[in-house]
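Pasting the structures here.
In what comes next, chain A is part of two complexes: it sits with chain B in the first one and with chain C in the second one.
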Partner chain A sequence: METLAMHISNGIIDGPVAAVFAALALAALTGCVLRGRRDLDDRLAPMAGLVAAFIFAVQMLNFPIFTAGVSGHLLGGALAAMLVGPWVGALCVAVVLVVQALIFGDGGVAMLGLNITNMALLGTAAAYLLIAVLLRVLPRTRAGLAVTAFVSAMVSVVVASQGFVLQYWLGGTTDLGGNLAGLAGTMAGVHLLIGIGEGLITATTVLTVAKVRPDLVYALRGLRSTSAPAVPVVGGVR
Partner chain B sequence: MKNRSWGFLVGGLLVALLLAGVVSNYASSHPDGLDSSLLKGCTVDADDTIVGGSCPAQQAREHELGDSPLADYGVQGVGNDFLSTGLSGVLGVLITFAIGAGGFWLLRRRGGTSTPGDTATPVEGATPAEGDAATTSRAGTAG
Partner chain C sequence: MGAGHGHVLYRESDSPVHRLPPEVKIVAMVVFTVAVVATPREAFWAFGAYALLVAAVAALARVGPRWLLSRALIELPFVLFAVALPFLGAGERVEVLGLRLSEDGLHGAWNIVAKGTLGVLASLLLAATTTTRDLIVGLDRLHCPQVLTQIATFMLRYLDVLVGEARRMRVARISRGDDPRFLWQLRGFAAGIGALFLRAFERGERVYLAMLSRGYTGRMPAVWQGDGAATAGQWLVAATVPVLAASIAATAVVLT
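Let's look at the complex of A and B:
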């Protein structure tokens, strides 16, 4: 068994369910392409490529969580949604997952639809719904932006983990003897801890980009600048 | 694209290359959240191979492309682990960027350059660039 696998491996979910999710993912990604084209201009296109490359890099950095013997790594849906929007963001994560499955032997090729559904689609969608709400509710300061990034990232990881539980319920290859709740609980607990790491990485990255190039943060478009009044404060803190 | 965008792009890529090329060697080698949850109930040996028990991962099969040159985040034929992981990370970042940026470039909206982003981004004026601030204050003193 490969020890470096980060995503769903072959044989975990049965073939028919994996095929259904592959079709589902393909349809949803097509929708993302159609809708995402509206956002993709000469400037966003290379940035979206950078976001995908950055997510690939950070996914390699498994960090320890408080539970002994377990690590976590970035999924990236919330980060992508913050920086390039939900449609292009989902495509960024999908590009990473495809590269990992086809070139790095990580995540079964037959399981690609399941992995894309959980991390690229569910994770990004959950993150963006929260981002849209939080950015309107929270004060438009760098702290508000940080909380938005952190919370949306953390929740998106837990949502993605439950997407897997749903898939396992539909087509898991090992009979858990009706103990699906146990798997759901384990996955949620571990991914809540991983979500803290995801939240910290996402908030740090988004704040850095917002400081250097606030115009490159998709989530800030259409809102009055959060950074203008807060910049002196941040300069003082750092 | 403006020069500043190129700078940001190159800077971002360098950070990604550094993370994937060097820092990746210091990543935790423990199974991740998914793997560990799926192994719950099974006993595994030092190589994380299942040796007994019953768990969701027990039917796991080999990867279709497990023999590919970059499988498992290493470069086949490179003996040094540090080099192998780092090199695979660097290649992964470059491949992902090439496919991502290339694909998005082909998909992008063409023609209508009057995107809200290029000309009148509301936040652009608020860029806390040191240069801008300096210019403004100097202009202020001069006036």
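Let's look at the complex of A and C:
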């Protein structure tokens, strides 16, 4: 079977489901705005803008995957979670999606709620959960950081793609019958490959930034001064 | 190109659509798209009517059909998905050109192609007639939270910074004997991506600090906001398209 870029365009998922997810995304983003406002200081503001710009640029690179005429692209949720934290990170990805939908026609406007749920919320949340766990478990070396970035990026892409499968199951406009499992499998397979690419880019970027300007990596903030056992609580390192 | 003024899809012109305030256009576009999506897929005539509406707005905005259609290719991956549906869908099968296709799948494919295309065309029209700066002003006037407009502003400014740095690094690589061609370019690009990010950030940070020292408080100054918000008249004028679309959708729902 063939397909899919991650941006859901108009007409793929039916209206009511799109509306439910739009409400969900709106509520979650409101939470992110409230939390993100606190995070967004003088250092984070330009970083958030750059992360968004970077994601925007990187999402334009479509990976052709040779077997089935499939193409997909990078998401950037893990990079955002790593560099600006989960709240501002989700906002960055959401802003990218909104601008793409409004002026590039990439992803339907009526499907924005679905796209935001998959890529901005699910992707970033999965990435940040993994980051929070892995950074505590793995040794605090460059290799540990690289593995964290790679794995969280890869998993977040696959999780986001399964978000689409869930939405399709709830409100796909065409009944695929027993093919839904096939859809899930294809999506997971394709996005595992994309995830590897995404993981590599995320790891390289994060490593470079951590080497030169460790103060800029949000995920490392709590961990740098580790005399007291700084416990990264899920949902914000303090 | 000055930062934040135009973008690739913007078409410089002075048409009535260009002159409408951005917030009005954003709302009109969103309502139009929602109406299209809410239309039952069996109501073929309704989609024809929507296409006429789009064509009328395009003519008003002096955007040529060739420009629109070539830019609309962005949705190609989804058209491929749509093509697969008649083969994958469940339920009743019908004979088309000797192939046994799922009727539901055929409808689904039509649904995706029609609604997807109309949505893409609508947002292309918005893009063609609105600068990125106006887009952000519009979002701001629609009471979009300031954190979001701030991120969006920086994103659009830093895109140029990022592209500029990438170009400089490429020139630097070439002048040191690298020979970037299609696939081989990827390696150099991948190795340099972290450096690119950092360079762009440091440049962007300087820009940001310069803005702060000139009194930036997280919101663009009033001068930026242009001639003030939309008047009731402008809202009325722009409302014609979404209201027409909504009534088409309503009629289609009642009829099917």
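The rule is simple: the second predicted complex is superposed on the first by the 212 of 238 C-alpha atoms of A that agree within 3 Å, B and C clash if a C-alpha of one lies under 4 Å from a C-alpha of the other, contacts with A are read in each partner's own complex, and residues count from 1 in each chain.
In this text, a contact is a pair of C-beta atoms (placed from the backbone, for glycine too) under 8 Å apart; a residue touches a chain by one contact, two chains touch by 3 or more.
Since this is a predicted model, take the numbers as computed values, not measurements.
Asks: So if we stack both complexes on chain A, do chain B and chain C clash, or do they fit?
Replies: clash
Asks: Using the superposition on chain A described above, determine whether A:Leu207 touches chain B (first), chain C (second), both, or neither.
Replies: Touch partner of A:Leu207: chain C, not chain B.
Asks: Could you tell me if A:Ile12 is touching chain B, chain C, both of them or neither one (first, second, both, neither)?
Replies: both
Asks: Is A:Phe56 touching anything from chain B or chain C once the two structures are fitted on A? First, second, both or neither.
Replies: So A:Phe56 meets both chain B and chain C here.
Asks: Between chain B and chain C, pick out the one touching the greater number of residues of chain A.
Replies: Counting residues of chain A touched by each partner, the higher count goes to B.
Asks: Is A:Arg221 touching the first partner chain B, the second partner chain C, both, or neither of them?
Replies: A:Arg221 sits against chain B, while chain C stays out of touch.
Asks: Tell me the contact category for A:Pro46 with respect to chain B and chain C: first, second, both or neither.
Replies: In the superposition, A:Pro46 contacts both chain B and chain C.
Asks: Overlap of the chain B and chain C footprints on chain A, residue-wise?
Replies: In chain A, positions 1-5, 9-12, 33, 36-37, 40, 42, 45-50, 52-54, 56-57, 69, 71, 88, 91-92, 95-96, 98-99, 101-106, 108-110, 172-174, 176, 212-213, 216 sit in both the chain B and chain C interfaces.
Asks: Using the touch rule from the top, collect the residues of chain A that touch chain B in their complex.
Replies: Going through chain A, the ones touching chain B are 1-12, 33, 36-38, 40-58, 60-65, 67, 69-73, 88, 91-92, 95-96, 98-106, 108-110, 161, 164, 168, 172-174, 176, 183, 186-187, 190-191, 193-194, 211-217, 220-222, 224-225, 227-228, 231, 235.
Asks: Given the complex with chain A, which residues does chain C contribute to the contact?
Replies: Listed in rising order, the residues of chain C that touch chain A are 7, 9, 26, 29-30, 33-34, 36-38, 41, 71-72, 74-75, 77-78, 80-81, 83-85, 88-91, 102, 104-105, 107-109, 111-116, 118-124, 126-127, 130, 132, 135, 145, 147-148, 150-159, 161-163, 190-191, 193-195, 197-198, 200-201, 204-205, 207-209, 212, 218.
Asks: Chain A touches which residues of chain B in the complex?
Replies: Within the complex, chain B touches chain A at residues 1, 4-5, 8-9, 12-13, 15-17, 19-20, 23-24, 27-38, 40, 47-50, 54-66, 68, 70-73, 88-89, 92-105, 107-109, 113, 115-118, 121-124, 126-128.
Asks: Residue numbers of chain A touching chain C in their complex, please.
Replies: 1-5, 9-12, 15, 18, 33, 36-37, 40, 42, 45-50, 52-54, 56-57, 69, 71, 88, 91-92, 94-96, 98-99, 101-106, 108-111, 172-179, 200-201, 204-209, 212-213, 216
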